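Both complexes below contain chain A, partnered by chain B and then by chain C.
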Partner chain A sequence: MALTIAKPTSAIFAAGVAAVFGAFFGIFAGTAQGSGLLGFVAGGAVIFALSWVLASFMREQQKAARWGLAVIFIVAGFLFAGLPGVVTGAIFGVFFGWLIFFVASGRYRTGIPPYATPRQVLWHYAFRIIAGLILVFLITPILVVMPLSFNAEDFFTFTPEMLAFDPEGYSLKHYRDFFTNSDWQGALWNSVRIAPVSTILAVGFGTLAAIGLSQPHVPFRQAIMAILISPMIVPLIISAAGMYFFYSRIGLQGTYLGVVLAHAALGIPFVIITVTATLVGFDRSLTRAAANMGADPVTTFFRVQMPLILPGVISGGLFAFITSFDEVVVVLFVGSAGQKTLPWQMFIGLREQISPTILAVATILVGISICLLATVELLRRRSERLRGMSPS
Partner chain B sequence: MSDTTQNGPMLAADGTPLKRSLNRALRRQKLRALMLIAPLLIFVLVTFIAPIADMLFRSVENQIVSDTLPTATEVLEDWDHTTGAPPGEEVYQALYYDLYLAAEARAHTRLGTRLNYEYTGVSSLFRSTGRGLEDLGEEYQDILEDADDRWGEGAFWYELMTGTGDTDARLVREHRARLQALENARLTGDVGFAPSVEIKELLPQTTFAYTDFAVFTALMDEDVVAEEDPWEGVYAGLAQDLETADLSGYDGPGAEALVAAQQTLAEQAEPINYTAFFESEDKDWVSPDIWATIQTYSSTYTGGYFLNAVDMQLTPDGIEMRPDGQRLYMVLFQRTLFMSLTITLSCILLGYPVAWLLANLPASKANLLMILVLLPFWTSLLVRTSAWKVMLQQQGVINDVLVWLGLVDDAARLVMINNQFGTIVAMTHILLPFMILPLYSVMQGIPPSYLRAAKSLGATNWTAFWRVYFPQSVPGIGAGSILVFILAIGYYITPEIVGGRTGTFISNRIAYHISTSLNWGLAAALGAILLAVVLLLYWAYDRIVGIDNVKLG
Partner chain C sequence: MKLTQSLLAGTALALVAGTASAQDMTFVSWGGAYQMSQQKAYVEPYVEANPGVSITWDESSAEAVARLRAMNEAGNITWDLVDVVAADAIRLCDEGLAMEYDPEDMLAPADDGTSAEDDFGDMIVSDCFIPQIAYSTTFGYRTDMVPEGVDAPSDICSIFDLETYPGRRSLERRPINNMEWALYCDGVAKDEIYDVLATPEGQDQALAKLDTIKDDVIWWTAGADTPQLLADGEIFMGSTYNGRLFSVIVEQDQPVAMMWDMQVFDLDGWIIPTGLSDEKLEAVKDFVYFATDTQRLADQAAYISYGPARQSSAPLVGEHAELGIDMAPHMPTNPENAENTLLYNYEFWADYRDDIDAKFQAWLAQ
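For the complex of A and B:
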């Protein structure tokens, strides 16, 4: 519902706004070539001229104008810097083409109340840019890791070949190393052996306890809850220290069982929290209805309650799984060389002999977490839908 | 209904009073709930709470001194360190036999390491003396064996010590307990030896040393006591006993050999002097300082580790600050607090605009942007840390870009890693989602009409934000800040990798003490302090936000 009607602005204004951006990017291009001031002036002037032309004469043929601008930029980029220049030119061409008409057509005003002063409009967009930069800050590290993992060299930075989009600069050798190196495969195997078992433990105990906790009359509910949640609150290093001391007393330190138990303890709070949250919306009359129709408590649980809280159980299980799969501090102390997990191997790699294989592993892990994120989100939606169906 | 008009209690369908019937049902319900919770509760108590309790226990536990030197610390109790004189011969005598057993069990170096935390140099003192203990007894052993071969035979010794008549099983039990404390393990099995009461009265020190030997041989080496030659220390005990023993009334096994030995020793050997022996091993043994330290730390529980953790120390004269050069924990605590605060502040500054944007965009766009927040949240911690290591390195991506832009000279690349800056940047990034999510959920509940109402009443943008919107978002800031602060203060992995020497936290020191310096007591004390801070903050979090409001994803 756009309250504000888009009013076309003057060509000078559109060109001026575009020129500010042009000058800004010009500084960087300029410093890279030797003179920041020159870049600033040239960038501003060129963009101003181009924008003014487009905004004055080509308002009606927007599409053609934007394509034209992109082509000009691409050609200019190619002449300057070859293939990488084409990519840079395309990005800037599309950006400026969009920017010029966004301003010139007055569309930039549509999301803002009609009474907003020019300064408020400026602040509105400045704020978006700031927030956008922060979001970029949030995902840059991940975006940097992914391309670097295809590096053909053993460097942790973009080589000139990579920047030139030379196929020679890219390779899968770090992935190959991950899949053939016995250290990494051993670590992967250990992770795969530990995480599911501790997840099953956490989910099994946790679901039962969550059902118990959601009963109407539980003595010492607060205290029990505090104890069960505590593994999430206590800093990992303290948990690790305590477990190291205690498990070495009882002979669990350095054993597979010790690591599994420790990880299960760390995953339990997540199961408790997600399952109790699901149970909050659970309609008790359903179990009563089941009992009324002659189902015993076990049948009621598996046929009525379990299907309804399953999304919560699964997402709790996923949290527990990722906790164990990602965990490094506790396994570092409680485990021994025989329980070296993937994060542990990465930790060693980062601290001692930093090898780019880490980046390949990191990329794979990001892929896994994207899948898990999607699963949890789907489950959450399903859970909400199911809850919507039951009268509450 | 007619029921209510009846006199007497209301009855349930089966005839029991309704009140009792209801109570029973309630009790059964409670019991069922507890039964469902019990397995997990026991599981968490064993796998998690017990370790934490163990850590707290270790932060004050100090049995090692009295376990390793049980008799010496007991005799030492009467000694007054303020006199400036070393303790008397009886302390050195007790020390000799305590240390002998400890050296056989290889426990003396452990004690040396423990006391070295309090008094530098004790470690090497114990180690070197432990090697030389046999020399004292060997002297007498040689003399005795030259005079009579039987003194070198295990069977003869066994017969002599077992004697005839009553045996003293209690002494063996005591020595077994002594060895158990030393080995820190339960030792089962039969010793197969008990000294006779008669010989114990006649040769007390010999019996003491021989029982130590017998218990150790039977339980640790798993040999038959009668077939093994006794330790050199036993000969030292015999030499001491024979100096004064009155053998005239003794007619048990080996009586004539004892009389002969008494004579031989009186003729050929110097009287035994433990003080002189220890002094010859190392002059430090006659320094009162060592003994004052042992005396100070001989109690079973100590606050010494906690004092260490706050740069103080327990000296014989009371509690005092450590010398200037050795104070590092207060600095570390301050740094941990300062960096955690900085990280929290940066998270507020960066998280607030993003949360505001997310809360004020239409749902479809907000969900899309939310993915950008959740993706790093879900990404492995090590992935993000490695990413920052890659980006911040001197040959890393950021420096390369800066050099390419000409903002930084190639020779003067910025040092952004292995210092506080690196830790703060990486941890701000890692903890930012924990700030954005609570802020977002609070901001979603603030009606946008308030801001419009304020503006329509004539408030400027800033006033409307500062006086109307901001106060309503404070609970979100509070929740997010405490969450981020709690997480930051106990972080280990990221500071370890990108922190270098100046960017590390107290948690890194705890890990160092556990795995490298092996000062577990100090690690436990530092951990206990950190735990107390976190629990305090968590309590505050509970008061502000409530445990039940913890949400995920």
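For the complex of A and C:
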């Protein structure tokens, strides 16, 4: 909606906006060199001067100006920090080249209604920047892990070789360790044996419980619901200790079945909550119609109710799967060394021997999780499209 | 329903697979390089000679006391042989959770016929403790962070000398060892340390000495912390187990060196939990007889720089299994390294640990 026509702004204004960003990034550069305040002032001043020159004299040769700025930054980066400086310099050069002319040409106003006050425009962009920063805050820990998993050394350290993008500093040896070490492979195999079975149990029991509890005539619904979802609320360590003593008495402690049941108990609340949520929108007259046409309750469930609540069941199952796959506290109590799962092995690795193999495993798991979630989302959209519903 | 049937069949199968044959044993150890040395020196040769045996490791030695108490309470002992430090062995023995044994009956004599009891000597610090190795807690420092024109630290008191050796240090988050070092560097004679530490004034004196470096200390809890911090260059010097430092220096090739002065010796060994079935007990005894003989203990030193607990094993210590370097100079018991040492005082800490621990934690929180 290009309702607003881009009106060039003054060079001072463009330079001022760019200087704010320059000062912000200057804090980081300055802190790395020893003085955050100096970086703040220097970053702001340098960017202000550069932007003012570009916005005043080179508005017509935008392309040349942006290329020139990028080259200046690359050269400066190289002089300061060598090869890594070139990459950082290129990123900042391209960013500031874009930013200066984005502001100076007034293009920042397009997409915002013409009647928006300057304060609203400011908020429009501030909101996006804040949202972006929150995203960075959330995913940085995961992103940091990934390059470290290719470390050629056996420590959680960015070595000078890695920072200089020297191929010598990188290695796949931690991945090789994961795929060849029998401890890790045994743990992976245990996780793969435990998580799907406990997911199936959790989905089965959880769905049935949710359907039962959604019937208005069931007595003490609230109380039963509260008990069923308590594993999610009670601190994990308490469930774990309770299960440990109970399972020991009945001979389930340290068995495969014990761990599967314990994980199913942890997964059931997720299934109940998601299925209950989808059942809220479920029209009961559909089941009555099916019964009216001679379908028995089981057929009704599988042919009518199940397809409609399937998204809730699948996402509940996904949560149950991830709970079991990620869980370390309960398995430490209920399992024995023969049921060592991946998180257990990672826990041991962190405590006994800080090895980047853990990071390699974490990177692989993040990759699997992304694939899993993407697949489920694509399948959901496909089925909605096939049923003529718009993807939401 | 079909689903239920297949589920039931699956669980039945899992149950069958889960029932242990008599030769399945679970050993508990510390993980990492130490467990690997046990695996290579004892377990692999033993399994080769006894093909029916299979051994599962559980890396839970750090919480062995708590876990064994819980198992005992639940009436379900799932561990067959547990590797613990001597202090834990003494506690477990006192609580009746570890089995008392007769060294003459259960351990092999030395090759020259010396009885096991004499060969291990005073390493057998408890009636339940089957010694394996002697290790020490000592310091490592970054060689590239030693200030110019200053000698590399070789004296324990350089820990407290922030002027000559600026930089952060890492110390274990517990009073044991730290209090001894503090008093020693505060001018208390070595043989009077425990007399002084037994008094409240002595404890305050030690804490006051530690207070002088408190702002520059990172407190560690896992043996892997100090090596990581040293490799990062986060600290200038730090205490940890000597085998960890050996790995950092020799195997990982980091710019780190040892400072052996006032290293504190401690022992590590096996205990057999009480309440094993007769069949299990026989299998465990058979393994222990094999794994603690003179040659096996000497073999372990080819994988990690901890000293064998038998006197008769010491002359057999050879070269590192992969690097081919002579291991003797890296042993904490090597005469050059052991000029000035301390032995973990089991009796003192058994009596004073709770009191001093409370004081130490309160001081940490200030």
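We adopt the following convention: the second predicted complex is superposed on the first by the 288 of 392 C-alpha atoms of A that agree within 3 Å, B and C clash if a C-alpha of one lies under 4 Å from a C-alpha of the other, contacts with A are read in each partner's own complex, and residues count from 1 in each chain.
Note that a residue touches a chain if its C-beta (ideal position, glycine included) is under 8 Å from a C-beta of that chain, and two chains touch if they have at least 3 such contacts.
From a predicted model like this one, the values you see are computed outputs, not experimental measurements.
With both complexes placed on chain A, chain A has more residues touched by B than by the other of chain B and chain C.
After overlaying the two complexes on the shared chain, residue contacts for A:Gly338 are found with chain C alone; chain B is out of touch. In the superposed pair of complexes, A:Gly44 makes contact with neither chain B nor chain C.
Look at A:Gly267: by the touch rule set out above, it reaches neither chain B nor chain C. In the superposition on chain A, no contact is made by A:Gly77 with either chain B or chain C. When the two complexes are overlaid on their common chain A, residue A:Gly312 makes contact with neither chain B nor chain C. In the superposition on chain A, A:Asp154 makes contact with chain C only, not with chain B. In the superposed model, A:Gly26 lies in contact with neither chain B nor chain C.
Within the superposed three-chain model, A:Tyr244 lies in touch with chain B and with chain C [touch as defined at top].
Residue contacts after overlaying the shared chain place A:Gly85 against neither chain B nor chain C. Within chain A, the residues touching chain B in one complex and chain C in the other are 155-157, 201, 244-245, 249, 351, 354. Taken in their complex, chain A has these residues touching chain C: 153-157, 197, 200-201, 204, 244-245, 248-249, 253-257, 260, 336-338, 340, 348-349, 351-354. By the touch criterion stated above, chain B contacts chain A in their complex at residues 26, 29-30, 32-37, 39-41, 43-45, 47-55, 58, 350, 353-354, 356-357, 369, 371-376, 378-391, 393, 395-397, 400, 404-407, 429, 432-433, 461, 486-487, 489-493, 496-497, 507, 510-511, 514-515, 520, 523-524, 527, 530-531, 534-535, 538, 547, 550-553.
Residues of chain A that touch chain B in their complex: 28, 31-32, 34, 36, 120, 123, 127-128, 130-131, 134-135, 137-142, 144-145, 148, 155-158, 201, 205-206, 208-209, 211-213, 215-219, 224-231, 233-247, 249, 261-262, 264-265, 268, 270, 273-274, 277, 315, 319, 322, 325-326, 328-329, 333, 343, 346-347, 350-351, 354, 358-359, 362, 365-366, 369-370, 372-373, 376-377, 380. Chain C meets chain A in the complex at residues 3, 7, 10-11, 14-15, 17-18, 26, 30-33, 35, 56-59, 62, 70-71, 73-76, 78, 222-225, 227-228, 231-232, 252.
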